[in-house]
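Naming follows writing order (A, B, C and D), and every chain is counted from residue 1.
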Amino acid sequence: MSKFHKKDYADELGKLQVELDRMTRWLQSTGKRLMVVVEGRDTAGKGGTIHAISERMNPRQCRVVALAKPSEREQSQWYFQRYVEHLPAAGEIVLFDRSWYNRAGVEKVMGFCTPEQTETFLKQAPIFEKQLVDDGILLFKYWLSVDQEEQEQRFAERLADPLKRWKLTSIDLKAREQYADYGKARDEMFAATHSKFSPWTVVDFNSQKRGRLNLIRHLLDRLPDQKVPEAKFTLPRLKSTPLRERFASAVKPIKGEYS
Amino acid sequence: MSKFHKKDYADELGKLQVELDRMTRWLQSTGKRLMVVVEGRDTAGKGGTIHAISERMNPRQCRVVALAKPSEREQSQWYFQRYVEHLPAAGEIVLFDRSWYNRAGVEKVMGFCTPEQTETFLKQAPIFEKQLVDDGILLFKYWLSVDQEEQEQRFAERLADPLKRWKLTSIDLKAREQYADYGKARDEMFAATHSKFSPWTVVDFNSQKRGRLNLIRHLLDRLPDQKVPEAKFTLPRLKSTPLRERFASAVKPIKGEYS
Amino acid sequence: MSKFHKKDYADELGKLQVELDRMTRWLQSTGKRLMVVVEGRDTAGKGGTIHAISERMNPRQCRVVALAKPSEREQSQWYFQRYVEHLPAAGEIVLFDRSWYNRAGVEKVMGFCTPEQTETFLKQAPIFEKQLVDDGILLFKYWLSVDQEEQEQRFAERLADPLKRWKLTSIDLKAREQYADYGKARDEMFAATHSKFSPWTVVDFNSQKRGRLNLIRHLLDRLPDQKVPEAKFTLPRLKSTPLRERFASAVKPIKGEYS
Amino acid sequence: MSKFHKKDYADELGKLQVELDRMTRWLQSTGKRLMVVVEGRDTAGKGGTIHAISERMNPRQCRVVALAKPSEREQSQWYFQRYVEHLPAAGEIVLFDRSWYNRAGVEKVMGFCTPEQTETFLKQAPIFEKQLVDDGILLFKYWLSVDQEEQEQRFAERLADPLKRWKLTSIDLKAREQYADYGKARDEMFAATHSKFSPWTVVDFNSQKRGRLNLIRHLLDRLPDQKVPEAKFTLPRLKSTPLRERFASAVKPIKGEYS
């Protein structure tokens, strides 16, 4: 697999973002609701994918949900409760950066929950999801795959790049040796939760650029490509000469060093 | 003012993001809380600035708050109530894309609230903010300025670029002719809410790239540049040969067209 | 059926409340969660029953949930979403004064939702409830029945008693003539949602006192009557003479007229 | 002080509840918002008072807020944040059973917070409250007083009465010996937070019945006693013979033992 050229990637992504934009207008005009669950291996590229989908969208329409660990009280509630409050309303898009599937992945492999809790979860997840789908929510679940060799390289990069260091936690390091266990956990998760009404889609993320494009393409192909007629705007000539900023008070623009 | 070269911008932003990253670790280790309010003219570049600050951050630490218009019930509540629920907890960063200041800007100019409501708001805002500051929240308020000529060009761009069309609403078009009114409203807002404990900082965004860099530089200069010692991680050699993804079930990676 | 004497009622209720109290300590010590849905005809006695259950309980442990009509945004969300946020955490009791079943009762009969919405609801409710039950929540659903003659008398009382007037709305008056339709709607609701894991219990409320006692007795009989050993408290003699309130400032007790 | 006769108490309370009812209709028709903070000594009668005010009210209009101790995340937030989400919307009544004043009372006396935290709180509370009052919220703060001898009797009663045992915690027992300290803390609290816009009202609760009546009388006297014309309802004769409950399915009323 040859390397994907940066410029080509940007061009392709740009085209897809135009389609995503059309899709958001379709959502808004129909009041449909979209939910995308992004799961996968450490380093696979969940955050970058969510970023590629959302960066050009209206933040009042599209939200990213990345929940921290539950409080003690939340831990005693119905497992899905704290996710439910983030479900989309009419016209909205919600992107889950990890999700309820923690319980079948990291929590299971690292022993943060009991085997019974995982088992219960695997029974409940399809039921929970069916409800949302039956209610008309458009639900997509993606799992991002990456080979261990590539994963190792990315761990090394994270160690080297100060901007990526926060992505590396002591849990990740322990998890490195459990690549096979994570794969096994995922297979069990698929067996229990890959359903007709809410299937999993696996995307190869050994190349992150290709992975992102393929995932977005796949998502768009499952949604109607309807052109919602845009309000016709025109910009009539201003009635007066363009003004310049003028500040009545002492609060004036700072002199930045970049000028 | 000469054009800022794309490559230079990326380099400079990269450096600032490294500093932002250090700052987030400082926040986390001290439990401090950071809140940045981003206000300014239509087209000035609020969304892009928030994006530049947050794009490399941990989504579990940094949230963007962009509230839609309030429900009828919310409209009858204490004006600040729906904002309060998004205030940062220990170690968190919250970036407000527009904020309670709507009431002194767009709502006032477009007549969406009564003059009395604006007046009340202008009295309450400093009191509200003082409380947060006294509670130890690090609060920064930026106002992004842009001349009307540049604004006009950007409106034209938004009309032409399908990915920017959603940014253009019928309200914006009406607002075009009210550039001076917006300026006047801002001056009144500054007069009432530019305080020692919570000052406004105006940043010239006639060049968006320079504006973003200047704003981030300014923010960083107001926070301590403390090196929080990072946990020393090493990546010991794996105990076994790197594995490749293997899928037990029929759910296998899709064949994307980008491959 | 002879009239139930007020004093006897108070005695019986008192005994049941002692058992309820034991039950709440059992809930707390085991971390179990209890949810009681109280539905039924207008005037049947939902509020009074909830009151009888909760009046002696710790308000930090027992909550009453009586939701107002949903906002426009809530109406576009998953139907159960706004109820989910009120589900009990460990040790808690939540009493629902009306519930999601509105959609199969008042909304259906009065035409506030479409027949399709009721149908969808009737399919979803058992699934929703099964999830909660499978998660370990103790869920009880009561339907309070009353004959129309008795209902008419109570409507008349509400009209006459100023303290009960708020219970009488224009919808209730329209509903008077639809006693049979409500009964039919209830039967369809039972047919769809009376399940092994979450059965309905109908209680005759033609006598409110008997109704309340029977309902509470029934509830208690379905929960273990375990004596949770109470912390042994003693009240050692005070080390000094009992003090009287003394107010240092000018803020002193008011002279009320009842003294 | 002679004992207040039970029957007389019920009569007087009934009259006050009629006035409270008128007041709630006034709130609803004007969209005003009412907030009552009930503080005071252990055993003084906070819960019973809240009960007397709310028992005849519409639970969709009147809420009791009795917050449990904050989660770790909440502890790191702005101190008032978790209270703000319970503030009343138009037409609503919110009764706080204890409140933000914990920090100046139990937390201070028992050492659950630092002296600095109490000091900060005492500075912030009046500012916080002024905002709510300026926003038009009708805010009342009551402090229920009781002499230690009476308090001792009530502790003894709580120990003896199974239905009151939950009210007795190990903290209360420690607090018994600190009657004077609680008084001192209260005086400091009054000195800092008894303001023109949000005064404290102290009510003598050595007799709970008199205390409740005096408190409610005081509250009513501070609100306009406006008669809101009620919708004129009539109950026209039913068009058909009153029906009896008939159940199509096997789900029929239980045979309760109270019948």
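Following the convention adopted for this analysis, a contact is a pair of C-beta atoms (placed from the backbone, for glycine too) under 8 Å apart; a residue touches a chain by one contact, two chains touch by 3 or more.
The shown structure was predicted, so the numbers you read here are calculated from the model rather than taken from an experiment.
Visitor: Touching both subunit C and subunit D: give me those chains, sorted by label.
Guide: The shared contacts of subunit C and subunit D, listed by label, come to A, B.
Visitor: If you take the mean of the Cα atoms for each chain, which one ends up farthest from subunit A?
Guide: Computed centres place D farthest from subunit A.
Visitor: Please work out the Cα centroid separation of subunit A and subunit C, and write it as a whole number of Å.
Guide: 40
Visitor: Can you give the whole-Å distance between the Cα centres of subunit A and subunit D?
Guide: Computed from C-alpha means, the inter-chain centre distance equals 45 Å.
Visitor: Which residues of subunit A are in contact with two or more other chains?
Guide: 73 - these are the residues of subunit A that touch more than one other chain.
Visitor: Report the topology of the inter-chain touch graph, choosing from line, ring, star, complete and other.
Guide: The chain contacts form a complete graph, every chain touching every other.
Visitor: Which subunit C residues qualify as touching subunit B in the complex?
Guide: Answer in residue numbers: 71-73.
Visitor: Going by the contact rule at the top, pick out the subunit B residues touching subunit D in the complex.
Guide: It is residues 31, 33, 73-74, 76-81, 84-85, 87-91, 120, 123-124, 127-128, 130-132, 134-135, 137 of subunit B that touch subunit D.
Visitor: Which of the residues in subunit B come into contact with subunit A in the complex?
Guide: Residue positions touching the partner: 1, 4, 12, 14, 17-18, 21-22, 24-25, 47, 50-51, 55-61, 64, 66-68, 97, 145-149, 151-152, 155-156, 159, 162-163, 165-168, 170, 173, 176-177, 179-180, 183, 187, 190-191, 194, 199-204, 209-210, 213-215, 217-218, 230-231, 233, 235, 238-239, 242-249, 251-254, 256-259.
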